[in-house]
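Below is one structure, written out as structure tokens, with a few remarks after it.
Here the chain labels run A, B, C and D in written order, and each chain numbers its own residues starting at 1.
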Amino acid sequence: MTQSSTSFNIDTVENASTTPETELPWAELGLKEDEYHRIVQILGRRPTAAELAMYSVMWSEHCSYKSSKVHLRQFGEKVTEEMKKDLMVGIGENAGVTNLGDGWAVTFKIESHNHPSYVEPYQGAATGIGGIVRDIISMGARPVAVMDPLRFGDIDHPDTKRVLPGVVSGIGGYGNSLGLPNIGGEVVFDSVYQQNPLVNALAVGVLKHEDLRLANASGVGNKVVLFGARTGGDGIGGASVLASESFDDTKPSKRPAVQVGDPFAEKVLIECCLELFHSELVEGIQDLGAAGISCATSELASNGEGGMHVELTKVLLRDPTLTPGEILMSESQERMMAVVTPGNAEAFEAVMGKWGVEYSWLGEVTDTGRLIIEWDGETIVDVDPRTVAHDGPVYERPYHRPDWQDDLQADTFRISDAAADLPATAEELGEAVVELMSSPNMTDVSWITDQYDRFVGGNTALSQPDDAGVIRVDEETGLGVGLATDCNGRYAYLDPYTGAQLALAEAYRNVATSGAVPMAVSDCLNFGSPEDPEIMWQFAEAVRGLADGCKTLGIPVTGGNVSLYNQTAGRAIHPTPVVGVMGKFDDVARRTPSGFQRWADGQAIYLLGTTADELDGSEFARLRGHLGGLPPKVDLAAEKTLGEILINASRDGMIDSAHDLSEGGLAAALAEMSLRFGVGSRTALDELCERDGVDPFTALFSESQGRALVALPRSEELRFTDMTSARRFPALRLGVVDAVSGGLEVSGPFEGGSFGIGLDELKEVWSSVIPSRFGGLVEAEIATRQQ
Amino acid sequence: MTTTPTDTPLIGEFTAVTPSGPLEGARIGVITFPGTLDDRDAARAVRLGGGTPVPLWHADQSLHGVDAVILPGGFSYGDYLRAGAIARFAPVMDTVVKEAGAAAASSSPLPVLGICNGFQVLTEAQLLPGSMIKNDHLKFICKDQVLRVENTETAWTSQFTQDELITVPMKNQDGQYVVSAEELEAIEAEGRVVFRYVGENPNGSRNHIAGVTNERGNVVGLMPHPEHAVEAGYGPDDATGLREGTDGLTIFTSVVSSLAGGSK
Amino acid sequence: MPTIVVEVMPKPEILDPQGKAIANALPHLGFTGFAGVRQGKRFELTVEGQVTDELLDSARRAAAEMLSNPVIEDVVSVTVAEDI
Amino acid sequence: MPTIVVEVMPKPEILDPQGKAIANALPHLGFTGFAGVRQGKRFELTVEGQVTDELLDSARRAAAEMLSNPVIEDVVSVTVAEDI
């Protein structure tokens, strides 16, 4: 493409030195005055327009973590040597890498694309998948699966009708086209997410140890290449604030308001990168996400020998009117930057040719310690790359516990009006179970997940609705991984420290329930504005809780993402620290499914763990319109023991299904295990109520942690209970699987003695919640959004 | 430039079932277009079926002497324009059309199976009648699908019994099979419907058609994915449990044995 | 039946992956000389009876509010074609 | 840049699920009076320099052979628009 460099008023370094008085639009670019002065101080002169562009995007909250950094350090500090033993790459790189053994490693990470998905649901969600997958590729890994933790406003709010279908088809449209099975996620509805939906995306990849690549530019004289899609005005905003850079008469052309993803380009990029890794053609590699070329050049340079020289006119453009500053800031998708030895350049070009990927050689690695960017031979950037990539501002934002927190915690469910008329008789309890299962947060999400490919790749051993997504890594040995993401924002709102640990505990428990040994954590911290000291307190508490929790469980945080400013008109979302846990299977054939098996008639059902009166923040309380009190207690030692039991039971083939207890408590877990394959059960609450001193209502709906249900053949009962008693872990035989009755029958010390719910009837209400909202009209919406 | 892909799968090797005896001689090509997704899965299925998968590259005209060809699923060229529309112009397709199409000189023309996107490519290339449009509900849908095998004469279905019911995963957005009234009549009259959806029509396809064959019976298109139902633990659910279904494997053992049996 | 034709194109500054893929494929098929391709949509709304001003106005609003996504697309034209 | 516009519509006898869904939704959004909707495609092929007869011919062939599938679609028109 022909590009003219003459239509810009090129602000060179020389020019900057001689025109110190020139005003630059630093405020419009989001920099604070003192930040701008620091840049001037670092450079010893005013920045050029291009330098200002780089610093402004790299020092943004999103790229610099300036509000969160001081807290996130704990993830590194609260790590023991023992926790690090399988960690090949920790926090700081594009994604953490964990050793799986047998020469295999796994990398995974969660990221948010919240605001873009609110503006344009389809493309926002699609490019969210695209971005996280590129992080995974840049570690040298083959991406093998994605997950999508989602949160929307009230299910009946009109805006949810606009946002949800678009987000879901965007995630499907992009992920399906990449050939990545979707193995799980979350769907939560709560009015606090209206106007601030949370679209988080997790990607997981696998690699052989020798394929590991890092983002650094080493080897003086090595060449720097940009490849993939062309650079357009994406992410710069509707109008260019750097318009002052342009002095020709034609108005600067419009810049896109949103980014459109090209999943085909990304799929080709994946295969192309894997071939590069396999043929050992790249020394270092970096994906281009937020802050595009600014980020890639400054990070590669500062992680390597420290110097790089780039000629910016070499960048292939989609929009020839882009100014140098805009090129540096552009967030166009589906691009990568790599460092290649001169000797490999030809082979590199051959791989590009084979896959039909465009590329351009931009410059080379130097030993000057400077990042020099030229425009047609004139120097427009001359900086120490560390000052751009790593020395951004760090804020110790003030924080304090909200004054209302005490009142909130004092307002428990039991003393509230919501507890006035609790179900107590057989009939009332039965109705309450049905009501619970038709809550939007408990309902069948297959209307959503059926839009995602779960088979592609042929290695998916578990996916929704099981507790964890499970992927086989090695086809010969069955070595594999299980992953789950979780967070209950209501718990975190009641107590952010505990809430974060509960998110961790649940994800850990889900992974262990499937039979995998938990190994590593990635998190996506979604919060309101850090400039509000109360929100900042929520953030600080959540991070502290998560870091402490990881230390207790002995699994390190390997990476993650922070999303702040999720608030509108002063109304913030619940603190939502989404936690993803990855665990390992020696052989995924051992994975434990969550549903009662069709052939399991008569198997014994055991409840593991203890039930206390813990309804604050529960799904049942939500149904009654109440939120207050303290979240369930967290006992990570108990979670660990429970995990060991579930993992051993899976490894030794003792149990045939298992499901953890979380939202909705025992009632939900029993119903879900039955709904999976339409296999019923007969259970009795008497012993449980007596042992734990709870009433039948509490037994069914309390959300006490550290619990799971398992079903096992009678021949295994003795071995199993020996194992639980050896660990002094409470295990109670609750009843049996009933594959004949087609119903859920529960008896206990309540009026009427027992209630039964037909599975057909239950399934009907449980599975119609989402389709009844998002049918018809929505299809037309989808129609016009499709190609 | 030689363009046969050299990459070995990074996710382990294909499950090791060493082909033996006469079967191992069945070499089945699996074409990769840019954007193809299920090529590894198809190759694995061939191997599990006892044959030898041979990777074929879209830009290479040569079929490297394979005995049969599979066009796997995916989103070739992003399914942009129309599903399969750009892929059908690939150089390898010229050879496929030559060796498998109506004008193929051989008395036993090349067996070709197009799965999902591969089926769409075959209709775009007019090796098979009709075309595929968006599902009537417009959404991408991934589910376990029951099919009836109605034609057991093709190389790909010879080991099924007539009207056998099988369950294989289905996953697509443009899976609604349409064809002109006259052609539909001909297809039905000549018994060229190979697979039919059982139960509720999942996408609005004419006459519930899930798979068809050409007049000579060597080219078969199938919308659902048999290659995702070849290994217990990773397939569709069946009566024995979660993901245990392997009904799709018979497609691959069929072709391997009909090649070995000298029907080619 | 009289028909109102609505034409919608991706905004010029927005990436059009479909157009790009087509543009890349054309030369391979021997169609050279095209600098770029963009793909949009064409809707035909049929009308029973006559196309009144009111109906045309309604079509214009439908084009802006439903048939196009204003964030990434422009309505190129809304015209009446008597005899399609 | 001069542009060649190619318009493609689904054949009348072929079901058009997208058009149908839109037609069903229109009245719910208050757009009444439309008997049916069909959704097709519009391509803009830009040309550097002039649109020669040769190029227009090439566009016509591309429209027939690639931009449309004759089994399900008709090429409605191939026209030159000088100033898009």
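The rule we apply is simple: contacts are C-beta pairs under 8 Å (C-beta built on N, C-alpha and C of every residue); 3 or more make two chains touch, one makes a residue touch a chain.
What you see is a predicted model; the values in this text were computed from it and never measured.
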item	value
Per Cα centroids, the chain farthest from subunit A	D
Comparison of B-D and B-C by number of C-beta pairs in contact, larger one	B-D
Computed distance of Cα centres, subunit D from subunit A, in Å	40
Rounded Å distance, subunit B centre to subunit D centre (Cα mean)	31
Centroid spacing, where centroids are CA-atom means, of subunit B and subunit C in whole angstrom	35
Mean-CA-position distance for subunit D and subunit C (Å)	7
Residue numbers of subunit A (touch at least two other chains)	262-265, 356, 779-780, 782-784, 786-787
Subunit D residues counted as touching two or more neighbouring chains	17-19, 21-22, 25-26, 39, 66-67
Numbers and ranges of subunit B residues touching at least 2 other chains	77-78, 80-81, 86, 89, 134, 137-138
In the complex, subunit C residues that touch subunit D	1, 4, 7-9, 19, 22, 25-26, 29, 31-48, 54-55, 58-59, 61-62, 65-67, 76, 84
Residues of subunit C touching subunit A in the complex	10-18, 20-21, 24, 39, 66-69, 71-72
Subunit A residues touching subunit C - in the complex, by the definition given at the top	119-120, 123, 229, 232-234, 253-265, 318-319, 332-333, 356, 780, 784-785, 787
Contact footprint of subunit B on subunit A as seen in their complex	142, 144, 169, 172-173, 176-179, 206-208, 211, 262-265, 267-268, 271, 274-275, 278, 350, 353-356, 449-462, 472-477, 588-589, 593, 595, 597-599, 677, 779, 782-783, 786-787
In the complex with subunit B, residue positions of subunit C that touch it	17-18, 21-22, 25, 28-29, 39
